[in-house]
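Both of the next two complexes hold chain A, though its partner changes from chain B to chain C.
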Partner chain A sequence: MSETSLTGSHTRTPLALRFPSVLIFLAVLGLFTLGVTILSEGFGIGVISTSFVKTLGKTLCLCLVALAMDLVWGYCGILSLGHMAFFGLGGYAIGMWLMYERTRLIVVDSLVASELPPTAQEISDGIATQIFGVVGASEFPPVWAFAHSLPIQLAFVVLIPGLFALIFGWLAFRSRVTGVYLSILTQAMTLALSLYLFQNDSGLRGNNGLSGLQNLPSLDAVPQATVSLWFFWGSAFALGAGYLLCAWIVSGKFGSVIRAIRDDEARVRFLGYPVDAFKLFIFTLTAVIAGIAGALYYPQAGIINPTEIAPIASIYLAVWVAIGGRGRLYGAVIGAAFVSLLSTWFTGGQAPDINLGFYTIQWVNWWTVLLGLSFVAVTLFAPKGLGGLVDLIVDRTSPNRHGADLGPDPGALREKEAEK
Partner chain B sequence: MLNILRLLTFALAVAAPASAQQADAPIQKVLQEHGDIISKSSRRTIGPAIDALADSGLPAAREVLNRWQAKQMWRNEETGLYVFAEEVDSDTLRIFDVADGMEIGTAPDDDYDQLKPNSGIRGMIGAALVRFQLTDPDPAMRLQALETIARDAEAAHLQTLRGAIETEQDKAIAAAMVRLERLLTIQFAEDDADRIKAIESFAGDLGVDVRATLNPLVRTRLETADAVPETKDVARVLSPASDALPREDAYDLLVSADLAKPRISREDKRAALVANLENGAVAGVQVATLDTEAARDIAYAVLAQQGKVEPVATEAEIDATLDKFVFFERYIAAPPAVALAAASALKSIENKVAVNQGLDLGLDALSLASIYFLAAIGLAITFGVMRVINMAHGEFIMMGAYTGYVVQQIVPDYTLSIIIALPLAFAVTFGAGVAMERLVIRWLYHRPLETLLATFGISIALQQIAKNIFGTQARPLTSPDWLDGSLIINDIVSISYIRIAIFVLALLFLGLILLVMNRTRLGLEVRAVTQNPRMAASMGINPDRINMLTFGFGSGIAGIAGVAIGLYAKVTSEMGSDYIVQSFMTVVVGGVGNIWGTLLGATLVGTLQKGIEFLNPSNTLAAQTYMILFIILFIQFRPRGIIALKGRAAEA
Partner chain C sequence: MSTLLEVSGVSVSFDGFKAINNLSFQIGTQELRAVIGPNGAGKTTFMDIITGKTRPDEGRISYGEKGLSLLSMSESRIAQAGIGRKFQRPTVFEDQSVADNLMMALRKARGPLSVLMFRPTAADHGRIAELAGEIGLSRKLHSKSGELSHGQKQWLEIGMLLAQEPRLLLVDEPAAGMTPAEREHTTDILREAARTRAVVVVEHDMEFVRRLGCKVTVLHEGSVLAEGSIDHVTQNERVIDVYLGR
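Moving on to the complex of A and B:
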């Protein structure tokens, strides 16, 4: 971007060299993965318990979805309050296959002992009764038509959130719904989706959700310690790949355009850029990333239900990104990891209670209050979030002259310097 | 003197039992006439005796029936005369004359047999008594008699009732009698023309009793034949495999009429195959191949040929058989003409019921709309006028409701506590709103997205604090007695007073806000500051103060709305978040910056939700889902809402 020459004969510097943060991030992620593997029960010396490996794996998935959120909000200026819904949709897509396949194995097992070999219909009825008995149904709803096929459900992990975002985004962007209106609209979409899933006849087991996802079908012999590491590696790989993809997207001319849309949409439109198409692309792409993150997250969590999709989840996602520092990719990752781990620590009852004499502050109850207030404080006093701390160091050494690093409001670094 | 008295008493005591009994009183005669069947006391034969008593027209008949029903009739074993008697002690009776109820004296109970009518007979006596009650001087008694008849009517009541109508003076009771007479006519009249006339007179009547009377008349039986008969009593023709007549049911009907071979369920077939399992094969077919229904059908057919199981119809045979027959419903409870008249009357009643249900739905929608309006009206000020996104608005509603709850804990009188709670809730949330504006929002006036985030932070903090203080369980906010119950317009349309109160409150707020915004100095300054703060400031208005007051005003209204909503729903820490999305939708749909728009938005959202709920009553979640989808689509076509601001105000 910096050395574009009109002759067209230039060679581009590799991405990682232009943005050292990418290289540093990948190195840290790799070391972290290696470290956890060595310390784990599955392949290492057993310092870290399996459940903690799962927590770390889940955190990596949350970092991935935060990355997506940062791309759509921090870079493109669309404050979407629906990305956790896409995350949940991805989880549901994979969860349907996991649940179907595992139940099928159980049903087939139980029917083997019977006098006559079971017909396909009997097996299907048996699975349906097992899965849907809890909501009083015994037939497969149409949405489960492809649940037997892993490739199709894997495709759905990408396609369903993607299509959903494509349609919703197309409707919203073409009618020029922007800013807070778009946020409220995405929140309404999320609410509608979660309310729909809460119904028993939605075909996805209502508020029971899908459960038992941590047991991989026909891999019962493999201990959870190993499975958890597989998913940990998968999540780490996905996060690394997602980071590279996002860094690549925001690095080039495309990245400049979407940042420009964030800063002044009307101006970009008048310059002749198809703003709607750019926004739609980013919105859909991030929905797909969120879906993939969800598909990796829920097999580790073991259960998915509509509460996970409720609007508040997406709000927390925004909180993570804001605390970490939006408009920079590593900020989102830091924020998601920091806040979600801290949240686990506080709500898990591990934080020491504070005795004030007249009242004991139990963090299980007061953590949300602290989170909410610190979020207000970050918004008011530190719009750059935790990532802003990095600036303190970097600013001292050499100013980055590549345009646009950038908290949302003060504008580009160049403008800031011009103001000086 | 004493001796004379003693003598007299003795003479009376000896003479009384025999001399006072009026053996030839008319009522005694009637009783004697039916003495045998009365003593036999059998439900099947007692009818004539009761009828004779009731029809005798004697003034004493009613008392006799009453006593008989109460098991206070005894019969002298020697003379066979009937008396009323009360047990003085276990051996002695005090006896009275049946003719005039005069005391005759006491007698040992060995001489008398008690009449012990069983419950069946007592019921018959009760029915006979009704006619006396219908002409009782006490109106309450007559009404009670009407109720008795309505509860379990008999053919005999019809005549009685017709007689009573003629003498009835009280207009209300006469009307009730006429109505009941027509209902009885429908059920019991001999002449079909009378019945039809009575049925037609009820067309469009909403009473539940009418429907209860008419419904049995149109009862039908499903029948089958080669062709539809040309008689009039065919209610409708059904085709098999429709919703009204599932294919299996139709075929089962044929089977039960011996018109077709039985069919067999999958489970039974499987069981039959298992029962005939021999050496790993069924009828020569290897078990391992029996994993499709087709293979099982073949195996079963082979078994049937061998005579080991009953032959059953295959699916193709079932279809072929069903094609050969027609299915229809036949009226069985009444002659065709009556049944048809009843059906058409029911149809007209249904139409009227539908209209009234629509009306009821409209009232429901209106009251839901007023709740949404109340929840959203504070937002119409903070978001609509000031363009501040306050995601903690729902929590202000919750704070108002909890204020009401706390007041009720301190002030036990419900009316008084509501009167205190309303202004107090306003004060509390006004204070909270002003504090929030001063501390947070004023730093973020030109960064709407960050306002949204910061207020989110406040919202989750407030929600958790409420949870920590009041716990997670729902707290009641009890409405005063005079708001209990509902306004009943007819059997279908009714609305509870609390909803009316909320509606009135919503209208009051609409008026108040319009007044404040359009007619007061504050409103003028608010509009000035919203349009151009710098210009307003140079005109001597203090924008900071105005912003603070406006925000406080909007928040305070949310507090009052909280009390109202708390009366209607339970108070929980999450009640605010239940309304926040809908409230924003209401404001956006209506048109930001316009209070009339909010009213329209609330009406649209409320009507829509109730309408969808009506189409799918079992599922309010689905109603909300579809409503939100509709709103998302609606915003496609009118992004600025129903009432869109034009000109400069729209750019602000």
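Moving on to the complex of A and C:
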């Protein structure tokens, strides 16, 4: 019975102590936030430029969406190649309000000078012409019906990706679409969405997208140095909260069940678990997290357009998580932070080109190749990713997989091969 | 003794090949039954049909006092209704500890929200320790089940079945890869389990079946060839021809 009391005591230990990585992560995130604040232009000594604060804030949002990707793929085994679409939808939802409200203030300002007080219709027409002039329209499309309301658009940040994922997931999981087919289906969904948004009559300004999102309405007086920190803090808070939520989800029996679904879905069904409902829950929840991450990201980026939703974005997301190490939350965060910052560095032209004499490697072009090669290398030689380095330190015991590792496929599959 | 499961006139074919052919089968609420038959006789397919993995082309399956038709139920609903299954190849979740595997199997609400809110009580931990004792894995409770030997995995799977507290237990070749001593232990567990529920055991090994000491159903080419005590069926001419004689 001694073992009973031993495991029994587990239930009363707080999450953070049972999973020291959670505590460490939150501490590191807190210190990082503090450090950036002290070094910033807005509140500190001004060592870090405002644009770099924005880059870091955006990176935190990418870490958050990577966390969602890890939950859905690394833990539940659903290789969704469409989560950046949910990220984009969250961005569009908040972007609509930002753009509407700011334009409204500008229009109202410009009409103040006129002799008669402007009617509501005049104001509305003014805003519509301002916003939709670029796509040759001057009326509000139906999707903008609630753009004037911040609370409603904020609700849309979670509701639209959530509902979208719920319907898509329900159709897909109910028909038992799994593996590669599901990945292809999610890519198709993403492609369809981005192509739709590219159209001028989609109501979301076609390929122009939404812009000027970095300007907060009626807060023009607040310098960007300050606004950038607000968003940075918001992103850090969201990442911390998201990390806690994910850690809580994967720590208990729910985590056991979704990892079991990843490894052998059919077996879980015979234990009596409604596998489709679990997948749908995780798919929808992660879509909501992605939506929130997007809503924090795009005001820092300043602009959102349909390119952001292109299929490749979601593939990059999977690559980050794979490089960071899927199936562990900090792995996803490390992967997203490391690769996206490196990517910014390389594609931003800051990386020194390498002159080979007969050929000059220009990183702006060659970075994607390097990333692709790293992805292949990680998949083949270090399936645990960068997060696997942590194991070297804490010597985490891994199961005897008969020499085969988790690999790119669900674990159980490799297991079967290994046994042969 | 009342009937727990009644399979009547079930047939299934794969690409024109009749794997199960007009099969009928009955088992009582507290009965141990061995199903034997040569390779490819359809034993595993028979279990697939009961557990909802394979949908039959025709026939009926009624389960329980209310005569539930299993044919319209999903795998998970069938399992929730009290039908547990052990696979031919041991399938435990290798990446997780023995305790986690048992905890998942423990009979509790199965919906996502109940699972999310679930926190194990001392009684649950006690039950798991007890089960681990029964299957001889007390000292392995916190090891990853991937580290277990083949026989231990078989047992863990049996333990998971018992944790589910099913009314009908379907066990596919439990003794495969076990030592004689382990086989004996397995027989004991199965016989013990059958005192409170129905147990169907598929097995190749005649000695093992003899030790179970129960009614035997012989399957051949997807239908029942003979049924009765082990001595009865082993003396049956047709059984000798197709199975034992080879």
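Here, the second predicted complex is superposed on the first by the 384 of 420 C-alpha atoms of A that agree within 3 Å, B and C clash if a C-alpha of one lies under 4 Å from a C-alpha of the other, contacts with A are read in each partner's own complex, and residues count from 1 in each chain.
As a convention for this text, a residue touches a chain if its C-beta (ideal position, glycine included) is under 8 Å from a C-beta of that chain, and two chains touch if they have at least 3 such contacts.
These figures come from a predicted structure and were not determined experimentally.
> Touching A:V369 in the superposition: chain B (first), chain C (second), both, neither?
A:V369 contacts chain B only, not chain C.
> First (chain B), second (chain C), both or neither: which does A:E139 touch?
A:E139 sits against neither chain B nor chain C.
> After superposition on the shared chain, which partner residues are touched by A:I315: those of chain B (first), chain C (second), both, or neither?
First partner only.
> Looking only at contacts as defined up top, I'd like to know whether chain B or chain C touches more of chain A.
Answer, by number of touched residues of chain A: B.
> Now for A:F281: first (chain B), second (chain C), both, or neither, which partner does it touch?
In the superposition, A:F281 touches chain C alone.
> After lining up the shared chain so the two structures overlap, which partner does A:D220 touch, if you call chain B first and chain C second: first, second, both or neither?
neither
> Touching A:A120 in the superposition: chain B (first), chain C (second), both, neither?
In the superposition, A:A120 contacts chain B only.
> Following superposition on chain A, which residues of chain A contact chain B and also contact chain C?
Comparing the two interfaces on chain A, one with chain B and one with chain C, no residues are shared.
> Hey, which residues of chain B end up touching chain A in the complex?
266, 270, 273-274, 277, 287-288, 290-293, 296, 389, 440, 443-444, 447-450, 452-454, 456-465, 467-468, 577, 581, 584-585, 588, 619, 621-622, 624-625, 628-629, 631-633, 635-637, 639
> Going by the contact rule set out above, which residues of chain C touch chain A in the complex?
51, 53, 74-77, 79-80, 84-85, 87, 91, 93-96, 99-100, 103-105, 110-112, 115-116, 118-122, 125-126, 128-129, 138, 141-142, 144-147, 160, 164
> Hey, which residues of chain A end up touching chain C in the complex?
1, 3-4, 7-8, 11, 249, 252-254, 256-257, 259-260, 263-264, 266-267, 269-275, 277-278, 281, 397-401, 411-412, 415
> Which of the residues in chain A come into contact with chain B in the complex?
Touch list, chain A to chain B: 79, 115-121, 168, 171-172, 174-177, 179-181, 183-185, 187-189, 191-193, 195-196, 198-199, 201, 311-312, 315, 318-319, 322, 365-366, 368-369, 371-376, 379-380, 383, 409.
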